[in-house]
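Look at the two complexes coming up: chain A is in both, with chain B in one and chain C in the other.
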Partner chain A sequence: MAVTERDPHTGYLTTGHEWNGIKELNTPVPRAVYFFLIATALFSLVYWVLMPAWPLGVSYTKGLLGIDQRTTVDKALKRAALDRESWTKRIEAESYQAIQADPALMPIVRQTGRSLFGDNCAACHGLSAKGGKGFPNLTTASWLWGGDPETIAETIRVGINSSHPDTRVAQMLAFGCDQILPRADVENVVSYVQSLSDAAAAKQIPATKLEAGQKLFAANCASCHGDDGKGKAELGAPDLTDHNWIYGGDPQSIFTTVWRGRQGHMPTWENRLGSLERKILALYLVDLRSRNP
Partner chain B sequence: MFGFHYRLERKAIGLVLAIIGVASIGGIVEIAPLFTIHQTVEQAPDMRVYTPLELAGRNIYIREGCYSCHSQMIRTLRDEVERYGPYSLAVESKYDHPMLWGSKRTGPDLARVGGKYSDEWHVAHLNNPRAVMPESIMPAYAWLSRTALRTDDLGAQLKAIRAVGVPYTDDMIANAPADAYGQAAPDSPDAEGVTKHYGAATNVRAFDGVPGSLTEMDALVAYLQILGRLTDAAHKPVAAVGR
Partner chain C sequence: MIGQLTIGERQFALVMLLALAVIGFAIAVAGRDDLLGGHGALVILVALAGIFAVIHGYYLPAPSEQRFERYYDDPTKVGIIVAMGWAVFGLFVGDWVAWLLVYPELTFDAGWSSFGRIRPVHTTSVIFGFGGNALIATSLYVLQRTSRARLPDQLSPWFVLFGYNLFCLLAVTGYMMGITQSKEYAEPEWYADIWLVIVWVVYFSIYLRTLARRKEPHIYVANWYYMAFILVVAILHIVNNLAVPVSLGHAKSYSSFSGVQDAMTQWWYGHNAVAFFLTAGFLGMMYYYLPKRANRPIFSYRLSIISFWGITFFYMWAGSHHLHYTALPHWVQTLGMTFSVMLLVPSWASAANALLTLNGAWDKVREDATLRFMMVAAVFYGLSTFEGSFMAIRSVNSLSHYTDWTVGHVHAGTLGWVAMITFGAIYASVPWLWKRESMYSARLVEVHFWLAVAGTIVYVFAMWNSGIIQGLMWRTYSESGTLAYSFVDSLVAMRPYYIARAVGGLLFLIGAVVGCYNIWMTIRTAPRTAGEAVSAKPDSVLVGTPALQPGE
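This part shows the complex of A and B:
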């Protein structure tokens, strides 16, 4: 194709075609386009050699750098563990009491514990650990299964009514639904339970009701909640004399609890959190409680 | 180079063949990796299939568009492994048709959420996320508790998914509606069939807290509680692929 006609205005060659006196310029492709085309092609060639790239029937080209995302993340995790070793070893080895008394370790516990709590526990117990309806407040002295750090760590490990073989098990019976007590008796015992923590409400309730409720309480409830209603941590039975209610302390809520029963569920964290993480969380919660009078 | 192109442009058949040749490069690049798919997907002999109830929950998850805010894919990055647990393996999505890896995280990743929270929490959270997470921007899905689950088509769904390679047995397909009911009604006679067909480790309980009534909430919570728990493969040390 011999095209030699040059456009007099621009100096470029034309395509040689003419449409009603108009000729099309054959402007050359800018050099920069060739440059980047070749540069990217060369880059991909180098990349194919260095990185995992092409499938080869039953395998693939591994690349000279031998990069594998799984080994990369494993290394990153090991390096992170090494970085933290200076304090993780101490937290693992030392007793709860020793760590609590250590001004160097507690700031780390607070910082790490907060992010662990946020990632794992806050969904139910809230970021401030104050809980909500159905989910216990962890900032009070009132703990279902005991509030010392060792016990908290164990509760985190096995859970409550969980799928763990050693799980803590507790069930509040459905005294109404399962026809253990008639409705009038449930109402009496609800009044008595309310009077345990609410002195103002107790004055409004007729003494006969309270008396009947107290007798029913001693016969049906005291085995778990104690004769004084202060609960038994070894059974996971809550203290009924304080103001910490998981499901609400108004007469209607107490009635629902007694009538329909309760069985709270806390998952086991043994397969999700390591023993170090559980220890940090237990220390974090005890520390949170001590700073939250 | 342009001389060749000039000549090619003048030959219609030649140009068509050249276009087909160039365009198929893109196809080969996408298709060729599938030739070695058996090298890429790990072995997981303990992998179990979704129960009919979990599959119904999965369909609700898709229907409500949960995947547009929640991913189900923990990447091989340190921060993700430390927050969510072991990174996702290809085999964990083996029975997902379609897969729900997602690409956007307005909410957290859900690949390992199964068993992390209690059923009560899931129900409270789906009914009104603000009730348990004051800072949440997730919409409420309160109607799920009030809507009965459709079970008559579950057998057909299992059959359809079997056609693309999920090993459901004829027995599972025939009993799909009963198994869906039984999984959320632990005291019913149907509950036995669930563990018989899908293994003793299957969660059988009243997921929405109300035994006897099968709602969409039961199905969705059953699905959420199995996420990441169909196989333990991810919790074992994994050999790098292609060895």
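This part shows the complex of A and C:
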């Protein structure tokens, strides 16, 4: 038999049960709880009537408002495209030179290009496009495959050593590993290559070494990098006479490059970015370079 | 420990451990060319350690019949200590992960320490290691007292406790090796999942067998919550982990679900794990320890029942709010959102029931940090359930989803509610269990309380800021109609908040370490209480109490 008692503090009766000293008051459920239960249930009912809500076997209740997330997204995308049409059409239609000379279009290119670059390219080339070891600096005049906007757009489209059928292909041979040149020859050619861009270092290297290196360079390297070492953009061979090095310009790094070879990789962006976006990126990079002292 | 087992139980324990060793051996052989082999070896080691322990105590005298006069609390004691161990480990890894987001080089170039591996180590250690052990430990304690019945035997609670920790160990070591089925909060692979099912069924059977022998006419509400926790977690666990292993010699398995069905099953599981693991179980804890510590009757029996059924019913539908604006059909999202909104009412009713129970005991809340832990837990429970229902609204979710706001919300719940109610319950039960007058140092409980509150607030505010800034940056358009920021820009903007979050987590970790020290010192050094005359201490003697309680 349950014995109820009155709680002196609240004045409510207990239920009469006790568990290990714990009792429960028989307080009625506060009105607010019922009120909010009914209010939220009513809200839900109205929402179910208006929106897609309940399954009906193979279909579902569509809701009086006729809203569906897929059509909503489609409409929003179309509206956004319309909003941008005023300038996207012009960028698509006009030549690179015309856009570059247009004071109305270039601010849009800078703004849009920046976030496009940040979301797609910065993972390798860095947010400021200055690259890092193994990833080219895109703010200099030194471009492997050419730095005019058309060429940059094409490189973005097909990639380098990528899976695209028209990919740009280039490979620096592993002159040491593949035993094309003996170690002494590799060391000589490394000294010569270093001297091309580093006049101070050149003074420290014995003339005989440089001479031997020069001959080896003419025989083995010039076909891609040119007799003067200034590279050939049509082959993707870098200029060795400037200060821009992808893999490092110190003797050890150059040695590693000649000994083991190099084959960088850039993915194709054709399936990920549209032609408009690739064009904006190319324009953005050329603009970035022009503003880089 | 072995001395408390009957001779028959010792023999059965040996048989089970031998079987476990054989299973471990089979796994090690079958999986010798796979990561699975390492787990086979781990199982063998654990089984051998168990066998040695049982043999070591095998010839101890059999326990006396007097044991039936007392509740069986040793599994609870071990469970509490193990839970605190997992807490410190899990919080440490969590803070490491937090610093990793500030200094990515803190992986020290190792594979096992990469973000994707130690993040689940953190979540599993704190949710399942800390939370799960605390639930098992306190549930066995509460079950016996509110039923006035001793656990049915001595062996099965140890099987549940050690078996459960073996599961946690397999999970955590697996992640670091690279074993995961990539389902959030359900990462362990098929063999660990099967093991957990066995453990869990035994756990539920302990509950049923004890309740069947109860001497109270009614089942106390805490046991309703604990049972909902055990039963529903079993259902969720089994369904979400239905998978086909590549072979019996491989750790890898493939889920039975694919595509959007897989996502829906996962978040039905994921959200109900929040509901029945992190909410129902800890509400059970709250319904015992809070009124006990405050020495007040529960504010309203009716409110506790209406909340129980409200929570149980509404939560089941809410999981799809994790998949707003995805490939999941719109109508499923609608149901998830509306049920999440209705869910707020029973959630707040539970929080209100807890806080109103404190009426008449607010002076104790001011003076007693243990009770204050529980009070703040109830407040955070209310805050995070409001936030959860709010974030489940589709248009709010479009801002909050995928941002740190979600992370902040989860931690408001786990740090503010789950961990605080657990610390409160542990500080209440340690003196009861070890027959001490009080904790070693009330001041240190106070220190822990303020470290925990400060850590939680710093953490949650940092993530609110960071999450809302992220959400806004991702949807800000320039005048020309294109996105104004790249994702990397938003990462740069997060950095100060990530530092603040890691500092908040560190405060919380230090608090847990202080708690461990205090508990250890209580067990080691505090004086034993004289007799049974401690006011807050529940009666641990069965025989000698009146056959009928006043309420019967």
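Just a few scattered comments:
Keep in mind that, in the parts below, the second predicted complex is superposed on the first by the 259 of 293 C-alpha atoms of A that agree within 3 Å, B and C clash if a C-alpha of one lies under 4 Å from a C-alpha of the other, contacts with A are read in each partner's own complex, and residues count from 1 in each chain.
In this section, a residue touches a chain if its C-beta (ideal position, glycine included) is under 8 Å from a C-beta of that chain, and two chains touch if they have at least 3 such contacts.
All of these numbers come straight from a predicted model, not from anything done at the bench.
Using the contact criterion defined above for the overlaid structures, shared-chain residue A:D119 touches chain B and also reaches chain C. In the superposed model, A:S290 makes contact with neither chain B nor chain C. In the superposed model, A:Q69 lies in contact with both chain B and chain C.
In the superposition on chain A, contact of A:S44 is made with chain C only, not with chain B. Contact with chain B, but none with chain C, is seen for A:P267 once the two complexes are overlaid on the shared chain.
Greater residue coverage of chain A by touch, when chain B is weighed against chain C, goes to C. When both complexes are overlaid on chain A, the residue A:I22 reaches chain C alone and has no touch with chain B. Of the two partner chains placed around the shared chain by superposition, chain B is the only one that A:S163 touches, whereas chain C remains out of contact. In the superposition on chain A, A:V33 makes contact with chain C only, not with chain B.
Once the two complexes are laid over each other on the shared chain, residue contacts for A:G134 go to chain B alone; chain C is not touched.
Residues 1, 54-55, 60, 68-70, 80, 119, 122, 127 of chain A are contacted both by chain B in one complex and by chain C in the other. Contact residues of chain A toward chain B in the complex are 1, 54-60, 62, 68-73, 76-77, 80, 119-120, 122-124, 126-127, 132-135, 163, 264-267, 271-272. Within the complex, the chain C residues that touch chain A are 145-146, 148, 216-218, 220-221, 288, 291-292, 296-304, 306, 310, 325, 329-331, 333-335, 337-339, 341-342, 344-345, 348-349, 352, 359-360, 478, 480-489, 492, 538-539, 549-552. Contacts from chain B toward chain A in the complex involve residues 3, 6, 32-33, 35-36, 39, 76-78, 81-83, 85, 87, 115-121, 124-125, 131-135, 235, 238, 240-242.
On the side of chain A, the complex with chain C involves touching residues 1-3, 7, 9-10, 14-30, 33, 36-37, 40-41, 43-44, 47-48, 51-55, 60-61, 63, 67-70, 80, 83-84, 87, 108, 111-112, 114-119, 122, 127.
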